[in-house]
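First chain A sits with chain B, and in the next complex the same chain sits with chain C.
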Partner chain A sequence: MTKRVGMEIAFAAAEAAALCRIDVIAAYPITPNTHIPEHLSDIVADGRLDAEFICVESEHSALSACCGASGVGARVFTATSSQGLMFMGEVIPIVSAMRLPVVMAIGNRALSGPINIWNDHSDIMWQRDEGWISLFASNGQEVVDMIIQSFKIAEHRDVMLPLNINLDGFQLTHVVEPMLFPDQGEVDRFLPEYKPYAALHPDHVVSMGTLGLPEIFTEAMKAKDMALINSKKVILKIWKEWEEQFGRKYEPIEAYKTEGSRILLLTMGSMDETAEAAIDELHKRKISAGLLKLKLWRPFPSEELRKAVKGAKVLAVMDRAVSFGGASGPVGAEIRSALYDEPDRPLIINEIIGLGGRDVTLEDFIQIAEKAAMAEKKKPKEAYEIYGVRGS
Partner chain B sequence: MNIVENFDLYAPRLVDKEEYFSVGHRACQGCGEALAIRLMCKALGKETVIVNATGCMEVISSMYPTTAWKLPWIHVAFPNSASVGSGVEAGLKVLRRKGKIPDRDIKTVSIGGDGGTVDIGLQALSGAMERGHDLLYVCFDNEAYMNTGIQRSGATPFGASTTTEPAGLASSGKKAWKKNVTEIMVAHNVPYVATACHSYPFDLMNKVKKARKIKGPSYIHCLSVCPTGWRLPPELTITAGRLAVETGVFPLYEVENGKYRITVEMPEKLRPVEDYIKIQGRFRHLSADEIEMIQEKVIQEYNKLLDKVNNLHSWSDLKE
Partner chain C sequence: MADKKWPETWQEINPGCMVFRPGNAREYHTGSWRAKRPVYDFSKCIKCGICYIFCPEGCISQDADGYFVADLDYCKGCGICAHECWTGAITMVEEGKP
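Right after this comes the complex of A and B.
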């Protein structure tokens, strides 16, 4: 039976992974994801989960050990943040090329330097192009739900790709929230046992991770791209199943009060709920604004985006990372690219906000909505702005 | 006490006829490493998973869509064959415990070259050994980054000319001595550590068999002659390996629970290192003085080893 529990979200992420009966965890400490593997190690130490917990000596080894364990057909989970994700970097594109369904929680944190342990999205944006499915959670409930959904998505025979769930460092990882927890029976009913397509075992000899010469490399890249693009069908199907069993609906882009809105804001992660409150406030002030919450970052939901922005005049895209010297922030550039061919696309403004733990407040979103309204009259000169820089 | 006795009786007719590392791979003529891997696989047998670091052996054996491997095999990247091996071992263990795979003893064996072991992979190796996985790690040491074109590694010997620390008018090749990872592994309190060389095939296979039976971590450092990188005619591969041992440059020994033992018959008086050096182009620039320096170091290192052989006890004898 589903139970309502108040818990720190990092702990809840660990509990959700344990409900998925994971076989192997390999993780290395880094703030702010640390409470996830810590709590998992507690669950294993108490005998509530029969799993091997490998206390590796680095994140590089964490993801490497995940590859090895997934290679033999184990269900595998890891978690990291920021520099840890960077240190995994060498292995990240290999996991997806080898089609190993590793699931990873990322407690999003700014990349150094200066060293900073607080939240932004520069860690995941840096590795967005490596062939992983990438989800963003806006609250604890979504973290729990997405982790359970993740194994079913990643391990699906038509997908077989690694997947990361992004939860904002501190703003989500360290916050205590009430969450609905399905019981073991309900999770077992939703999530079948993992049956690998191929596994390392003497009874079925296989070579994994072979050398790709120029003659096949392009085809291998095309195959990886197709696998990721095609995974959307499965993601949507599994989200539908989730909704049928648990009653909570998931969509690639969730719309909030967008109907008839001239101005749209687009956010990801923990900003979503603050932005919702800002939209309510704007409506009180008779300003026509709505919100798009982007949940599915990879594969990018271009089609859903095009539908979602229909009729809007200005779209204000929030980015929580800088693409230094680039055309826009990473999300801004993606969205401009996806909408470029639309004849009636809205004007796009791009605000880079909330870097390295700088608070993003309700008032900030109201200001940005006002900027968007201004932009409708007079297009800003710059393609993006780093918002709220002091002294400028 | 030996873990398995009477290894000396190991004879050619007892060697597994099955080839687990098959012909048709793309190694250079006279490749000592490919030979050592073939022998290692025969000693390991079928119930094995191989984890291969990036390097010559991965490149020559796994060109898609071909493979030389008749054992389950995985390659992920350069520095991580020990950590991928850790995951393989942990995965096999938990799946066996949960009854998801047959209840059989499958050995995980991670392999890497000297670059992948003593340099970029040392951290992962140290971590895996410290954690105590049931994992055999074999380093095939050809004393430079041969796959990328003979660059200097921590395992390159003093005085050898490589493409990144070459001999020149103002240089005599590598200025530092070879890193001794075998001893670093002993310092990890690994129950079984050994050196080996393909020129002593039965000694190599015996050591692999012994390590195969250890329940826990073990390490074998296998000198693998590389005619291409050592500037040596391919027909001298076996000779060079034997000379490395007979000159004391690379003595063959094992350390079982802390107890050192020389495993092959050594000449009463070591052969001069010059015999080993003069057949290799990588040393051809060395002066008589530099060869003398190497000679002194080799004797000193060999005596250090003999001192351990003569004076160190098995840990189990040190309980009181």
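Right after this comes the complex of A and C.
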């Protein structure tokens, strides 16, 4: 039976992973994700979950241990943030190249320096091109749901890819929220036992992590790209199954009051719900604005985006990271690229906001909607701006 | 299949580039990378086996007469054997030259 529980979201993430009957956890603490593995170690130590908790000496070892454990056919979970994700960096593309369905929660935090432990998206943007499926949660309920969905998606025979769930550091990891928890029976009904495509075993010889010479490397990269592109079909199917069983709907891009809107805002993560409140306020002021919440970052839902922006005149894209010296913010560049060939694309403005834990408020989104309305009349000179920066 | 060293198209690659047939590395002749090959003067060879010990490829073995010779299917021509040989019995000769 589903139960409503009030809990810190990081703890809820750990509870959700435990409900998935994970076999191995290898993790190293780093703020703000720490409570996720910490609570999992409690769950294992209390005997509530029969799993191996590997205390490693670094994040590089954490993901390496996950890679090995997944290679022998274990269901594997880990979590990290910021510098920890960077320290995993060497192993990140290897896990996806080996097609191992490791699931990782990322408590998003700014990359140093200056050293900063608070939220933005520079950690995940830094590793976006490494072949992992990447989801963004707006709230605690989505974190719980996405973790349970993740194992089913990642382990599906037509996917076999690692997956990360992004939850904003502090804004989500440390917030106490009421969440609906399915019971073990319901999770077991949704999530079948993991049956690996291949597992390292003395009786069944297989080589994993092989050398790829120039004669084969291009084809190997094409195969990896197609695996990620093709995973979208399975993600959509599993989200449909989730909706049928649990009644909560998931889409690559969720639209909020977009019908007939001239102005659209696009956000990711914990900004989503603040932006929703701003849209309600704008509607009270008779301003025609809607919101797109991007949930699926990789594989990028280009087709859904093209449909979602139809009819809009201006699209204001929020980025929570800087692509230093780049053409736009990382999300801005992606969206411009996806829409460039559309004959009736909206004008795009790109606002870099909420860096290193700076609050993103309802008033900020109202101002951005006003900027978007102005941009419709007079196109801004710059492709992006760092919103709210002091000094003109 | 015997002469096919790698999958032709991306669709033919096993997921994760996994290899299920053990021992197939021997079918890949790394000797094709060689620029120079070892040439032996058996009149100088004392059959000590120092070349066999130092060969990083492990491609040297003794022939029926007890001489140590490289398997040119796998010898990459690094020349370590020639460098180590006590008696100067091994000369590295450019491929294509007699």
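One rule holds for everything that comes next: the second predicted complex is superposed on the first by the 392 of 392 C-alpha atoms of A that agree within 3 Å, B and C clash if a C-alpha of one lies under 4 Å from a C-alpha of the other, contacts with A are read in each partner's own complex, and residues count from 1 in each chain.
The definition used in the following text is that a residue touches a chain if its C-beta (ideal position, glycine included) is under 8 Å from a C-beta of that chain, and two chains touch if they have at least 3 such contacts.
The structure presented is a predicted model; accordingly, all values stated were derived computationally and were not measured.
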Worksheet item: Is the arrangement of chain B and chain C around the shared chain A a clash or a fit after superposition?
Response: clash
Discussion item. By the touch definition at the top of the document, which applies to A:160: first (chain B), second (chain C), both, or neither?
Written reply: second
Item to complete: Quick one: classify A:374 as touching chain B (first), chain C (second), both or neither.
Response: neither
Item to complete: With the two complexes superposed on chain A, say which partner A:212 touches: chain B (first), chain C (second), both, or neither.
Response: both
Discussion item. Contact-wise, after the overlay, does A:202 reach chain B, chain C, both or neither (first, second, both, neither)?
Written reply: first
Discussion item. On the A-aligned overlay, A:223 touches which partner chain: chain B = first, chain C = second, or both, or neither?
Written reply: second
Discussion item. Looking at A:389 after the superposition, I want to know if it touches chain B, chain C, both of them or none. Which is it: first, second, both, neither?
Written reply: neither
Discussion item. Contact-wise, after the overlay, does A:64 reach chain B, chain C, both or neither (first, second, both, neither)?
Written reply: first
Worksheet item: Which of the two partners, first being chain B and second being chain C, lies in contact with A:99: first, second, both, or neither?
Response: second
Discussion item. Among the options 7-15, 25-33, 151-159 or 205-213, identify the stretch of chain B whose C-alpha atoms clash with chain C after superposing on A.
Written reply: 25-33
Worksheet item: Which residues of chain A are in contact with chain B in one complex and with chain C in the other?
Response: 98, 205-208, 210, 212-213, 216
Worksheet item: Can you list the residues on chain B that touch chain A in the complex?
Response: 46-49, 51, 58-59, 62-65, 67, 69-77, 79-80, 82-95, 97-98, 100-102, 106, 123-124, 126-127, 130-131
Worksheet, complete the sentence: Listed in rising order, chain A residues that touch chain B in their complex are 23-24, 26, 50-52, 54-58, 60-62, 64-74, 76, 90-91, 94, 98, 200-213, 216
Response to the item:
Residue positions on chain A within touch of chain C in the complex are 97-100, 160, 197-198, 205-208, 210, 212-213, 215-216, 218-220, 222-223, 226-227
Worksheet entry | Parts of chain C lying in touch with chain A, wherever the complex brings them together | 5-7, 9-11, 13, 15-20, 22
